[in-house]
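Labels for the chains are A, B, C and D, by order of writing; each one numbers its residues from 1.
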Amino acid sequence: MLVGAGCVEKLVTTYVLRAGGKKGGSAVERALTAATLQIEDYTNFDYNARMVAGMHGFSFMQVLEGVMATDLFHKRSFMGEDKFRVIKCPYTEKNILTVPAANPDVCIVHVQRADKDGNAQYWGAMGSVAAAALASKRIIVSCEEIVEHDIIQSSPHLTIIPAYRVDAVVEIPWGAHPTEVLGYYNIDPFMYGLFMMSDAAADGLKSWMDEWVYGCVNRAAYLDRYIGGFGSEILDGIKAKAFYSAPANHGSAFTTRWDREGRERFMGLTMEELEKTFQERGKLYE
Amino acid sequence: MLVGAGCVEKLVTTYVLRAGGKKGGSAVERALTAATLQIEDYTNFDYNARMVAGMHGFSFMQVLEGVMATDLFHKRSFMGEDKFRVIKCPYTEKNILTVPAANPDVCIVHVQRADKDGNAQYWGAMGSVAAAALASKRIIVSCEEIVEHDIIQSSPHLTIIPAYRVDAVVEIPWGAHPTEVLGYYNIDPFMYGLFMMSDAAADGLKSWMDEWVYGCVNRAAYLDRYIGGFGSEILDGIKAKAFYSAPANHGSAFTTRWDREGRERFMGLTMEELEKTFQERGKLYE
Amino acid sequence: MSKPYTLQKLLVIAVAKEIHDYENVILGVGLPTTAGALAKALYAPHATLMMESGIIDFKPLLPLNHIADAHSCRGFSYATDLFSAFTMTYRGFVDVCFLGVGQIDKYGNVNTMAIGDYYKPAMRLPGSGGAADFISYAKRTVLTMLGGNFVNKLDYMTSPGYLKGGDSREKSGLFPKGTGPSMLLTTKGVFRFDEKSREIYLAQIHPRVSIEDIKKEVPWNLKIAPDLSETPRPTDEEIDFIRSFAPAQSAGRELALELTVANMMRKAKVI
Amino acid sequence: MSKPYTLQKLLVIAVAKEIHDYENVILGVGLPTTAGALAKALYAPHATLMMESGIIDFKPLLPLNHIADAHSCRGFSYATDLFSAFTMTYRGFVDVCFLGVGQIDKYGNVNTMAIGDYYKPAMRLPGSGGAADFISYAKRTVLTMLGGNFVNKLDYMTSPGYLKGGDSREKSGLFPKGTGPSMLLTTKGVFRFDEKSREIYLAQIHPRVSIEDIKKEVPWNLKIAPDLSETPRPTDEEIDFIRSFAPAQSAGRELALELTVANMMRKAKVI
């Protein structure tokens, strides 16, 4: 969509969605043919490895050497020598293929839920979501729901971005529509189909964007236009049913050093007895 | 305990627990003084990085270069040159400190729950648990509970080891005692205290092990001896209370391509109508 | 006599039979997912099905929309990330994976990048995605070519097959021993690779197809297995499973799209 | 006049005041955890408290038994692993961390490895743990030395302070600008580091302690701040919090152990 809108001069990619099969096309293909776009191709793993390097603050990451037999390694565009470099393993002497770190300027990520501080929880296919966000210099979290902090605290294994990394958090129900959010809604085959059909030709994509991107002042306007035009039945039909994860008990035996009788659990004394002992032993500063 | 039992000749470590403070001691200190043990020290991160490399099948991992200013880098024991090696970043030319991969022969890991296939779920402080297990050539999972497979399937974000990596799975309630398992029980300060006091001297540790390791034919015998000797009140007192994670909805809108009226969701036809269409279009092979 | 079936069903079954019980399997979207679901239901109940997006050990209930589609199953056993899904393949834990093909050469090298010049293509194909890394390290790779071509020289080599044939893949030092493509499925037949020369040959032929139909699509003198057989007729059980699991796939892409568009026109209040 | 207090409470408070609101803080076990809990309760409610084991953003309800003790809080915000906890520090996201000290030299370099020869030690100390990496990359490091010594030359350099003083840390090229130890707490006083020479000096002195008491433990001519002050008296609020949160710590290690053993003897049916 960004390529179609002319926002992109150079693209580093691993996969280009093609609408309409052989007879169709894509914004990327059109831009390449028109020479308005330069492209650099990696495998999914290689580009992910660039973000994993960036996420950890490393300057490079080792990747899988099989790619050295392919044109992914040999054919290079604007990245030139820095697309891949080969080093020697200091322990085994074998050739190690590497890629440079990537630290995107901004990552906008849509998740299931977050708290108002920005702790973002996501579940389902992890892919490279966490690496893409954490490698980025700024992170904007949009979510289906902003929930209370205690929901997050009880389920820390679902959190993929900690609050201190997040620059902004926004609650946008149906924020991924026409694509899907696990536990909230499925892909909307109708709207997604409309987009794919329009993407097959340049003027089709433009008119789709005029109506559904430029023509909507905000996300609420987009949804209003959708429901006004097509009714709410499709949306109702793709809402997720309940299938909840088996919870994990994060509980411990007690949450204070003092037992029910007010005695310290290790030493067996009440606070008064303890203070008295301190005084007897000359431990107290007046 | 392994060092105290004379099972270890060479130890790669990051942290040596010392019982009894300055006046106390440790099995490692005694073995070093007696020259029966060689030791190689890393930081927590460095040793973890060795297992992360092993987990991913890499031959080395880059680590944080600050250690180059310390004796961790300069003083080496049996690993010699291979403790740390320095390479140049192929992109930035800066010095990169590296450590070699570690792939332990066996990892025995105790977790909260697993299914009978070995999918192991663990929650709480992640530390280096997953890397230690996944880097290892063989993995033995012990767990507080073996649960039904559907419990695991509903909460895949708690799984740290997939079944296909696991060689054996064993259900052992109280399997971490006298240490703790989040959501099951706290540390047992009494038994842990006994162990720490005995560890401060060689003969103390030996008599503790004679009683609690060699003297117990299996884990049930250990627990029986404990309860027989000390009563069950301490164990009851350290059992975890309930504090369950907020569940994640893994549900979707539907789980079959056919709607309630028996029509295919995209094409709007029943199976009979569809087969008829196939026939009309000459698509069917008899 | 078993039930009538579509060609698409035959293709799914041919691929599904490449999945053996207890194997670890990386699926792709489309035909491989349906094949994986079929194998898990009928031939390989203990297979561990996986998607590179980190969905490990799932049972597909619906065809997946994309590699990260967790809506098409009811939970899964292990949520890992893309990085670990590939390094686990690198370490040799994946038995079989499935890749689509745009162009293929005599030795099973694959192009899924571009037709024509890479920098200014006549047609831009999807790219590598996970393909190049999976075919490098999975023990076996099953290739499916539903709309692509056999060529003497690839316009772009995306995914390494047997390189220049013979032992050239092994000798390159880049790939574990014994890895590489094990089969190619097209709409006309099933192809395999000679153990020694690593040249592709026709192993099975689908019903209603002649050897000549196939040969005229291959720009070299295609070798034919001496024991060439016809792709076996689906059983009722196989047909019923695919009918129910993937009705749109049974129809084939063009007919499914036609019927879907017609249905949407009926349903939408406005278009 | 506020309530009476123990020396241990004074120490906790001195450390807690190094945590500022909205900061990211790596805690250690013992005094730092109590200091972190106190700071979070009274001075720095928005601080993000973290353990290197990957417990990120927690509120301690009890003193922790070890760095991976998730029993001492009621959940936390983000479960990450040890690898990421350190690389996040490497990237500069940690404002302050806390390390214990066995030996310390004039420029804040620290030994926590061994007394005597490393290979055959008179006393084996814990080792590095997370120390060397945290002091390398956290913006500030607070050192606590409750049983250790000032020495002219460390028996082993585990954790890098200001190396040879002056700008030697910065010039080494190994550490981000502005990082390094910011303070040392002992049972007798609070020490800081000169902005230029990076030499340690006495900044605060605890009640009942004289400058001479401190000087005789330091084998060089220790510098004293011109504005040397006495460590401030705890407030009732601070005393009450520590009394309740960490009663054993308030007692000090030896007395707490004595009382605990006595209590266990009473409770156990057999020993």
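The rule we apply is simple: a contact is a pair of C-beta atoms (placed from the backbone, for glycine too) under 8 Å apart; a residue touches a chain by one contact, two chains touch by 3 or more.
What you see is a predicted model, and the numbers here were worked out from it, not measured in a lab.
Peer 1: Among all chains, whose Cα centre is located farthest from the one for chain C?
Peer 2: D
Peer 1: Between chain C and chain D, tell me the centre distance in angstrom, where each centre is the average of that chain's C-alpha atoms.
Peer 2: Their C-alpha centroids are separated by 58 Å.
Peer 1: From the C-alpha centre of chain B to that of chain C, how far is it in Å?
Peer 2: Here the centre of chain C sits 36 Å away from the centre of chain B.
Peer 1: State, to the nearest whole Å, the distance from the C-alpha centre of chain A to the C-alpha centre of chain B.
Peer 2: 26
Peer 1: Quick check: what residues of chain C touch more than one other chain, meaning two or more?
Peer 2: 70-71, 74-75, 79-80, 83, 87, 90, 260, 267
Peer 1: Multi-chain contacts only, two chains or more: what residues does chain B have there?
Peer 2: 58, 123-124, 152, 154-155, 157, 180, 182, 186, 189, 240, 243, 245, 250, 252-254, 266
Peer 1: Using the contact definition from the top, classify how the chains connect: line, ring, star, complete or other.
Peer 2: Shape of the chain contacts: other, as it matches none of the listed patterns.
Peer 1: How do the chains pair up in terms of touching? List each pair.
Peer 2: Pairwise, the chains that meet the contact rule are A-B, A-C, A-D, B-C, B-D.
Peer 1: Tell me, which parts of chain B touch chain C in their complex?
Peer 2: Those residues of chain B that touch chain C are 55-58, 115, 117, 119, 149-150, 152-157, 159, 161-165, 250, 252-258, 264, 266-269, 271, 274-275, 277-279, 281, 283-286.
Peer 1: Can you list the residues on chain C that touch chain A in the complex?
Peer 2: Of all residues in chain C, those touching chain A are 51-55, 65, 67-71, 74-75, 79-83, 86-87, 90, 113, 118-121, 123-133, 135-137, 147, 156-160, 163, 172, 174-175, 253, 260-261, 264, 267-270.
Peer 1: Tell me, which parts of chain C touch chain B in their complex?
Peer 2: For chain C paired with chain B, touching residues are 1, 4-7, 10, 24, 48, 56-57, 61-63, 70-72, 74-80, 83-84, 87, 90-91, 93, 207-208, 243-248, 250-252, 255-256, 259-260, 262-263, 266-267.
Peer 1: In their shared complex, at which residues does chain B touch chain D?
Peer 2: Where chain B meets chain D, its residues are 13-18, 21-22, 26, 28-29, 32-33, 35, 39, 41-46, 48-49, 52, 64-72, 75, 77, 123-128, 130-131, 180, 182, 186-187, 189-190, 193, 229-231, 234, 240, 243, 245.
Peer 1: Which chain A residues qualify as touching chain B in the complex?
Peer 2: Listed in rising order, the residues are 58-60, 62, 82, 85-92, 94, 96, 98, 100-101, 112, 121, 123-124, 147, 151, 154-155, 157-158, 180, 182-186, 189, 237-254, 265-266.
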